[in-house]
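Which chain is which? They are A, B, C and D, in the order written, and residues in each are numbered from 1.
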Amino acid sequence: MPSVVDCPIVLRQEVAEGHYRISVQAPGIARVAKPGQFAMLQVSGGYAPFLRRPMSIERIFSDGVSFLFKVEGEGTRLLAEMDTGHNLSVHGPLGNGFTIDTVCDRHILVAGGIGVAPLPALAERVKRDCGKAPDVIIAARTERLLLCEDDFRRMGCAIHITTDDGSAGEKALATGMLERLAPDARTCVYACGPNPMLRAVSQMMLDAGVMCLVSLEAQMACGDGACLGCVIESKSEIEGEKMLRVCKDGPVFDASLIDWAAHDLRDDQ
Amino acid sequence: MSVSLEINLGGLHMKNPVTVASGTFGYGQEYDAYFDVAQLGAVTTKSLTLKPRAGNKPPRLVETPAGMLNAIGLQNVGLEAYLEHKLPFLRQKDVPIIANIYGHGPDEYAELARLLEEKGGADAIEANLSCPNVHDAKSSRGTVLVAQDPELVCAYTKTIRSATSLPLYVKLTPNVATIVEPALAAQEGGADAVSLINTLIGMAIDPETRRPRLANIVGGLSGPCIRPVAVKMVWDAARALDIPVIGMGGICSTEDAVQFFLAGASAVALGSMSFRQPDAAIRVVNGLADYLEGHELSGIAALVGGMAQ
Amino acid sequence: MSVSLEINLGGLHMKNPVTVASGTFGYGQEYDAYFDVAQLGAVTTKSLTLKPRAGNKPPRLVETPAGMLNAIGLQNVGLEAYLEHKLPFLRQKDVPIIANIYGHGPDEYAELARLLEEKGGADAIEANLSCPNVHDAKSSRGTVLVAQDPELVCAYTKTIRSATSLPLYVKLTPNVATIVEPALAAQEGGADAVSLINTLIGMAIDPETRRPRLANIVGGLSGPCIRPVAVKMVWDAARALDIPVIGMGGICSTEDAVQFFLAGASAVALGSMSFRQPDAAIRVVNGLADYLEGHELSGIAALVGGMAQ
Amino acid sequence: MPSVVDCPIVLRQEVAEGHYRISVQAPGIARVAKPGQFAMLQVSGGYAPFLRRPMSIERIFSDGVSFLFKVEGEGTRLLAEMDTGHNLSVHGPLGNGFTIDTVCDRHILVAGGIGVAPLPALAERVKRDCGKAPDVIIAARTERLLLCEDDFRRMGCAIHITTDDGSAGEKALATGMLERLAPDARTCVYACGPNPMLRAVSQMMLDAGVMCLVSLEAQMACGDGACLGCVIESKSEIEGEKMLRVCKDGPVFDASLIDWAAHDLRDDQ
């Protein structure tokens, strides 16, 4: 069950230029949170910004959770200014989270840019549930923006790095690297990142008959499935609905469900 | 001193004068995790249509200073699925249901009202004559919202009125020169109350992509930013009407709600604030009890229209 | 690349498309400490009346979420004192003056316009037909703002038009069902541009004292909170009109101004934001030059109405 | 000339419950500021609250100024949360400030509650210009809310304390104490505090033929005399104006100018 709790910030780090990690003490949320779920964070005491900001849960600890975010606009700027000690109002955990198919032999996590955010928790859970740390592809624009590499390494993940400019790992896109890892029918791929990447990964995996889960983003107001603001179009109807709520029916979707053609590209990076 | 928050809203008994605004609270169950919705004076549903509606294409939301624009486009499960899948949760709670309805033309509204009464799907009807995200009423002045044309308001209200004996509330738009005309028209048509205000029509453009932020281009503005407009319209309408006003528009706190009562509202609805604070409505219920007690008032009626001048 | 911000606004040459909103910039001199007002496209004065006006009783201001309500009530020095005491400062600056005027009935507007032209007190006239803090037009629908009645708008505009050869802008209210009707009426009456939007009517009540926060009870809502409403009205009006639109309402930044241009405004005015940031208008002038350069646009005209769909 | 400057906060103290002092580094403002002037402080990066908050200049140092304020609502709450290092946008100095009539033999400062804020700077200036520290009446509800006592003491002021509950000094109102100090035609009285106090002090001094300056408050938007939002009614017209702008024509007024009868009492404490 989600709840709304004032949580003291216990850690705040600038992990890369314009990228921050904050950890909050939130035992109640930590107890029930699943990898891939998110929380709505209140970024301002005043009414501008009015709405909370959705943030993936990066890691789940015994007495709290962490968030990893990039400063995009006013809301994330305010969040970045919050220091340890400040009480952050956290509404969560929300959404469905990743379902780990333990029958799969191999698990590959694909992170594009800040899309890495929900994957550390997932990697930990895969390791626990499947007995083996997953492969992780970390794709970033440039070396400085590679996030969480050490965390994945510590968990024992096999790490595959690509950068747009070749400053670290391979000069390639995530898809190129994924192709080389040759996922097969007994592989499960989990991807989070910019829409063009997700679309390409989805298409590749669908064509190859590989199970693929993607974590999507959308503008959100409630996070609870009530406002119907965060929808995306699905290929098939679910309980008579063609419009899926990213907050409630997702944010993690089976890639085969998404109508990528209808998916509006205006927010794409 | 124990205060009573009870009211009778045009024939509907409510244990307190606080409901939620249509479209901001789903069908109630969405907020079950945060508080017992039976503590509300009433639950108001998302607008229901006869058939399910897919609504507008995304993006449907954009934040604006102290508020937001939405262009959901009345996505809803339709009457049948409401009765089958959404109603049971609400009925298992001891809370009155205000079913908000939207139809193409007066007959569809009437049909919805009739069926809702027949199937026990509502304790009161709120007719949304003012959704800014769909446009299908025609008048001599071009395409307008029904609620922008007092004659249409009166005619629609009469037709719905004749189809149901449930309390009937008519929801109006602030996009008018004066709210008094459509409010009087609703009263004349037989409404038991008017709901003020729906969202203000607005839009936002992305300066980089040069595209509208909403796929629907225009949307409805809600949140604290519109509160001063809403209070003014409630004040105007309440002085002109004999029937009660349900006040809404930017209510975030008990103090905000009190403003609406003082301006003349008999009940209030929390809308967008539930997005920011899921238990906002119940906080206002509790806050009102404290306010009445602190000010030694025996009931809400003592506040209604009580602005000092 | 050097960009030009120059525009011609219904006959007025401006070195850039940025002015200030009437009533938020005094008579220009008030902001002299912060920047050289000659850098603006034009200075728009506080509404002038034939005789000095004391305005409303205080309190005249109250802050609201992302905005404010004001009920100044057109306090101003009157035409004579303006010409004698305020004009010299502005004339010593090389900046066009848009004199905003307010009168009782069309003839007073006409008289003001005539005298301003005769005495060299203005380079353009903006007729404020939409002040929410004074009510003196009568129509069949009761007391309304002139700008709420398209017939009155047309008649007033014609009368003022006949009294002056200066560019004539007509300022309209957002408190209408559709802005297109009064905007077309202004055009038909001979306006060279319309100014959109004046403040939205609103009010606020103190929950403790139960008194209205403004002595005048109601006031005009301005600031970023109203921006989405303003952008929508500019978009509607610009598509319907042949004459230019001056966009205003909640503009705080270059990005906000760009929204108005994309929606169809030919010029913009900064209002309440000057209170928060005295040099806000000049920041937008500079920001627009950067924006045009960054987007490889040769002039503002390339933006006007350029929203992609 | 006023300006708008981002000023680092160099000191922040909670001086009493809900009362704070912040000092900012602002050499440009300090150089031109006069006692009784104020500044408009931006309390939020977002647009709610939208308007700046007017605050009297408490003291003027060589490289900055201090403010002393009481948390009243959202704006002052946000101000109180700002810590040292934060850049506060300061718009000032604004208003006319106190005129010190050096011909007077005796100067009495009357502070009611948080109305003490502009008086330390004034006391310092009186001492400098007249060669003698003034008398100061500090009136507060209760002992805990007595502000600036030590500061005045250090300047060598004669201090006269009254509290509503008698917890410190005399159990009396400021007016009672003022009466006892028996100001005469060669005294100048400077008062700042709640309106009822100012009204009473003004009346007493006018009746006694004593020169009296009062510092007033009003809701403000611009602080520059442009919006005409902060007016009060005056008894006589000044340049044809009956409506005086607190921000520009004040905030310090000759008590004889104010039309106390017309003065709206709704904001009175």
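What we mean here is this: a residue touches a chain if its C-beta (ideal position, glycine included) is under 8 Å from a C-beta of that chain, and two chains touch if they have at least 3 such contacts.
If you're wondering where the values come from, they're calculated on a predicted model, not measured in any experiment.
J.: Going by the touch criterion stated earlier, list every chain that contacts chain A and also contacts chain B.
T.: C, D
J.: State, to the nearest whole Å, the distance from the C-alpha centre of chain B to the C-alpha centre of chain D.
T.: Those two chain centres are 46 Å apart.
J.: Distance between chain A and chain D based on Cα centroids, please, to the nearest Å.
T.: About 53 Å separates the centre of chain A from that of chain D.
J.: Calculate how many whole Å lie between the centre of chain C and the centre of chain D, each centre taken as the average of the chain's C-alpha atoms.
T.: 35
J.: Two-or-more-chain contact residues of chain B, please, as numbers and ranges.
T.: 65-67, 209, 211, 223-225
J.: Could you list which residues of chain A touch at least two other chains?
T.: Within chain A, residues 46-50 contact more than one other chain.
J.: Quick one: label the inter-chain contact graph as line, ring, star, complete or other.
T.: complete
J.: Which stretch or stretches of chain A touch chain C in the complex?
T.: Residue positions touching the partner: 46-48.
J.: Provide the residue numbers of chain D that touch chain A in the complex, in ascending order.
T.: Touch residues, chain D against chain A: 44-50, 74, 77-78.
J.: Which of the residues in chain B end up touching chain A in this complex?
T.: Chain B residues touching chain A: 23-26, 30-31, 33-34, 46, 52, 54-55, 57-63, 65-68, 70, 72, 75, 77, 81, 206, 209, 211, 215, 223-225, 252, 272, 274-279.
J.: Show which residues of chain A lie in contact with chain B when the two form their complex.
T.: Interface residues on the chain A side: 1-4, 42, 47-52, 91, 218-233, 240-243, 262, 264, 266-267.
J.: Show which residues of chain C lie in contact with chain A when the two form their complex.
T.: Chain C reaches chain A through residues 65-66, 224.
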